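Let me begin by handing over the structure; questions about it come next.
Here the chain labels run A, B, C, D, E and F in written order, and each chain numbers its own residues starting at 1.
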Amino acid sequence: MPDTRFSLVVILAEPEIADRIVADVKRLGARGYSRYEGFSEWRRGRGPDDAPGPHDWEGTHVRIETVVRAELATTILDHLSASYFRHYAVFAYVADATIARRDKYL
Amino acid sequence: MDPLDLLRLGVLSPMTLCFALGVLATLLRSDLKFPEPVYTALSIYLLLAIGLKGGAALATTSAGEIALPALAGIALGAAIPFWVYAALRRLGGFGAVDAAALAAHYGSVSAVTFIAALSYVQSLGMPAEGFMPAVLALMEVPAIVIALLLAREGRSADGLGTALHEVLAGRSILLLAGGLAIGFAAGPRGYEAVRPFFSDPFQGALCLFLLDLGMVAALRFKDVRAVGRFLVAFAIVAPLVNGAAGVAAGWAIGLSPGGSAVLGTLAASASYIAAPAAVRLALPSANPGYYLTASLALTFPFNLVAGLPLYAWFARFLHG
Amino acid sequence: MDPLDLLRLGVLSPMTLCFALGVLATLLRSDLKFPEPVYTALSIYLLLAIGLKGGAALATTSAGEIALPALAGIALGAAIPFWVYAALRRLGGFGAVDAAALAAHYGSVSAVTFIAALSYVQSLGMPAEGFMPAVLALMEVPAIVIALLLAREGRSADGLGTALHEVLAGRSILLLAGGLAIGFAAGPRGYEAVRPFFSDPFQGALCLFLLDLGMVAALRFKDVRAVGRFLVAFAIVAPLVNGAAGVAAGWAIGLSPGGSAVLGTLAASASYIAAPAAVRLALPSANPGYYLTASLALTFPFNLVAGLPLYAWFARFLHG
Amino acid sequence: MPDTRFSLVVILAEPEIADRIVADVKRLGARGYSRYEGFSEWRRGRGPDDAPGPHDWEGTHVRIETVVRAELATTILDHLSASYFRHYAVFAYVADATIARRDKYL
Amino acid sequence: MDPLDLLRLGVLSPMTLCFALGVLATLLRSDLKFPEPVYTALSIYLLLAIGLKGGAALATTSAGEIALPALAGIALGAAIPFWVYAALRRLGGFGAVDAAALAAHYGSVSAVTFIAALSYVQSLGMPAEGFMPAVLALMEVPAIVIALLLAREGRSADGLGTALHEVLAGRSILLLAGGLAIGFAAGPRGYEAVRPFFSDPFQGALCLFLLDLGMVAALRFKDVRAVGRFLVAFAIVAPLVNGAAGVAAGWAIGLSPGGSAVLGTLAASASYIAAPAAVRLALPSANPGYYLTASLALTFPFNLVAGLPLYAWFARFLHG
Amino acid sequence: MPDTRFSLVVILAEPEIADRIVADVKRLGARGYSRYEGFSEWRRGRGPDDAPGPHDWEGTHVRIETVVRAELATTILDHLSASYFRHYAVFAYVADATIARRDKYL
């Protein structure tokens, strides 16, 4: 029953692009999402580590979570990777989740 | 009052001292922290308050009075990005995108620096014209558009549209322009009812905000070394040049001494709210480490401590 | 002042304009956002302030003066749910639970509408009686109880107890009644000490709150279509009917013109804090999409913009 | 050693019922919990999708987390499902967790 | 005014009543909640405001005037931990670490109690000296250091350094001492500009803060049983003893009646911000259930309701 | 490929020691972290349950998360256990996570 393998996708993003990512996640087919404000340190000036200028940053980020089927999780990660990883501070990971009300999310 | 007196008055104002206390708090690794919502609330309050006040003043201003100052402000905002961009590319060796990003910041304006300038010239007994907040609102956008267009030279700048929407519907323009419109529509009589909230406690609220901003700015101090000597020098020289140009323009078009000093401050100030948000979206490959460190950790404190007295002094000098 | 003047004064007040700016911010998809804690802080402040002021006024009011207005308020709050429930069931085709939920909202009151009414009649030079906040507190609960009992007709309404506790210990009653008690106990002399915080800046703080409420209300605008034409019409007609009844009641029991207008506004207003919380718990199968959209996105702005002037005009008319 | 299989239960609930759910979770036997405020969009008017009236909602929700033994996780989900899923916006999922200080939570 | 009048005036002040309302809110399980950021913002405001006011007063105070009060404050703060520690160990049977933790709290001071005392004596028409905030700042630290050294007796107290940094760079000292420095540097003239924000609304803001503190303190009421009868008695007796000593010291060194009452309150008050943070880090094995329940749930309300009138009455008595 | 087994470490700590724990986590080698404020109830007076005095507490806590390699996760838990578990309220657990941008975190 491949339908029971759900994935929790967690995305940490710098605040400027959070709304965009939420819109993308919904457009790609996620049935719901939740978001939180957190604090972290990250590399904001993208590019190679030896590029000139300051790189480290600290401040608030937005955490976006969505529980989706495994295929969609992959699609979301691929999209983030293609659209944001180069220039923006975005960190994402996937974990397994067993959801209640499974029927609603198939 | 000689320059030193002006400096003392500026440096020893509760506002500047609160900024210094904030810097100190960060350097001492104090556990003092302004929660994000408090920062947001204070900035909403300050922007709306300045808009309302300006709007109420606009209601008794003729179109003729404000036409020239408005044009002068827009002209300054449009001109500054060009020389900034050129200087950073040719003299500083910056890439097109980083240079354009910095041009957007220095051409646009900092509302907090403006607010501090208003309070400062008032404390000197040379208040600025009441409509200056309208000039502030007009100066926020043009430089950003021009700078994004300049960046095209280097590479195709997508997202100009998004970035523009970001600035125009962004909270700083919305509150400022919205406040102006509300103050204008409600008029001085409507303003009376909200004065005890939006006007009397204003300077004190500004102190709190600057305390917080001092902590934020000090977080970037460690990056000052990484931005390189050229940018450090630029972050001091650019406000001096732009400030002098602004004061001179104010004097030329017949503003009061206080108005000239404030126009100078507007030109001298670098945006650190509207411009960063727009630039992050429209020029993602620009390094925020450059433009935020320069505007927030260098130019802002410089203007607050040394710039305001200098522009005020220059304005007095020109106005005789 | 003719009705148009009254309208203009209402529409062009900083309060109404700030609400409009909030609506605009949402429609423009601005990044302006009031953090939740700021919203909470403002509502705590407004409720406590209005309670304290009313309490200090109560300290110099005889029981005789307030008896009739109190009874009139309770009677209005108890009567409104009956006709609202009947109309929604028979004419609107709503189920028992949704009809009862709406009855609870329209029988109860909106503190912010009340506060706006106080400021508005004051700006017209026809201030209301100082004890009106006590009437507000008395009108919040009865309608909710009656509406939950009405819902029983349809199906067994569990959780009446929980819901009642929710309302009585809920922050809006607690702050309002608590403020009344404190203001009463401390008396006008004790109130003096806190006036610069709770009274003078009050209208300005209300502006900020309405700015936020405008953004929240506009989020529900998209649901206006989904609630159906009947409910849209109801959300305009109900305040008119209730408002007229309230003004007439105030006139009949000898309130001042301002007091009558404010009593009318109380009757006309629909709760969107106490009632929703109670109804969500006691009538979980009621669709919040109906009652929140009607009270917050339709009736509240209608009262703010058109209702206040109308009730004030009707009060003047009756009082000759 | 079945005792090492711990489950993280994550519950997202509309604010009005958060306190109730926390009380339930404690009553059912959870040793601790944590709660956070987040923002999300959800279907607030319950019932079938074709019921009349507006359904979508957005605003704050409360996130409640507790790490419990696998059986208790099931008990909690069953309780949520019986008590809240019909009328309230409640979303819940379970993930595996390896905890430190295991002895305290047996 | 006889003691009962003093009590009535204290109990019926909006401040005390707001605290009581907060307690009630918790006992009724109300959904009223102060978001953390609002609590933080209010405490930043109160500490900075009291510092600024004191600093502006210091600017017109001679070193001679403040020398004795400063010494008296430090001496009180340094002496109290010794008797507290001894009493808790020998009479109460507490361990060294818990006794030292409590000694730190009762030797240090509570800024909110101090602020309430200032307002209270002012409402009695016997204002305290303007420089008292400086005494408050000086009394915060010594007791904590001494108590941590006392704990060494029992076991090696690591982290004295960290704990000291925690207190000295902690937000309460930073804002208080920073405010004093800013107020001093800006002087009365600079203070004028921020008075409408930091001075006029002060008492009202204090009411809001006490409302919140009442809720927080009531959360600990359930622990009062668990701390044991000895600690409950101690939490009432200690402030009486320390308060009497403080009033007498104030009288002996020639403070005004109001100043003596406030010095007594400082001695009587128990820290619940600076000390807990330092003690949690330096004495991790001390049970916070003891020191927080005693200082926040017992001594603080006792001082607010009964202590202030008693110290004021004793000051009047001594000063004849 | 042992490199793909990443671990999400979640730490809940009383506020007073949150900054210390963040410093420790960075020092031990975590490439990044994020932190959030939450509310919970916990036992603050440490020591055996039958020790005198009040023990239960409620209030804000700090949640610290970091995604690290499995070995580091163990190191972090061991460190927490040695340094904080005795006197402070610290709760920690580990879950599996599949991260995007894997190369950055090896």
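Following the convention adopted for this analysis, contacts are C-beta pairs under 8 Å (C-beta built on N, C-alpha and C of every residue); 3 or more make two chains touch, one makes a residue touch a chain.
Note that the structure is predicted; figures quoted are calculated from it, not measured.
**Student:** Touching both chain A and chain E, which chains are there?
**Tutor:** Common neighbours, chain A/chain E: B, F.
**Student:** How short can a path of touching chains from chain C to chain D be, counted in steps?
**Tutor:** 1
**Student:** So with chain F out of the way, what's still stuck together?
**Tutor:** Apart from chain F, the chains cluster as one piece.
**Student:** Which is it for copies chain A and chain D: same residues on both faces, with over half shared, or different residues?
**Tutor:** different
**Student:** Comparing centres built from CA atoms, which chain ends up most distant from chain C?
**Tutor:** With centres defined by C-alpha atoms, farthest from chain C sits F.
**Student:** Measuring centre to centre with CA averages, how many angstrom lie between chain B and chain C?
**Tutor:** For chain B versus chain C, the centre distance works out to 41 Å.
**Student:** From the C-alpha centre of chain A to that of chain F, how far is it in Å?
**Tutor:** Taking the mean C-alpha position of each chain, the two centres sit 22 Å apart.
**Student:** Averaging over Cα atoms per chain, report the distance between chain C and chain F in Å.
**Tutor:** The separation of the two C-alpha centroids amounts to 47 Å.
**Student:** Quick one: which residues in chain F touch 2 or more of the other chains?
**Tutor:** Those would be 36-37, 95-96.
**Student:** Check each residue of chain E and list the ones that touch at least two other chains.
**Tutor:** Residue numbers touching two or more other chains: 31, 35-37, 41, 200-201, 277.
**Student:** Considering every pair of chains, which are in touch?
**Tutor:** Contacting pairs: A-B, A-D, A-F, B-C, B-E, C-D, C-E, D-F, E-F.
**Student:** Please give the residue numbers of chain F that touch chain A in the complex, ascending.
**Tutor:** Residues in contact with chain A: 6, 8, 32-36, 67, 95-101.
**Student:** Okay, in this complex, where on chain C does chain B touch?
**Tutor:** Of all residues in chain C, those touching chain B are 12-14, 17-18, 21, 24-25, 28-38, 41, 119, 123, 200-205, 207-208, 211.
**Student:** Quick check: in the complex, which residue numbers of chain D touch chain C?
**Tutor:** Residues 14, 16-17, 37, 44-47, 51-58, 60, 86-88 of chain D touch chain C in their complex.
**Student:** Which stretch or stretches of chain B touch chain C in the complex?
**Tutor:** Those in contact with chain C are residues 35-37, 40-41, 44-45, 48, 52, 165-166, 169-171, 174-175, 178, 181-183, 185-187, 190-191, 193-198, 200-201, 277.
**Student:** So in the complex, the part of chain C that touches chain D is made up of which residues?
**Tutor:** 36, 98, 219-220, 223, 226-228, 277, 280-281, 284-285, 287-290, 293
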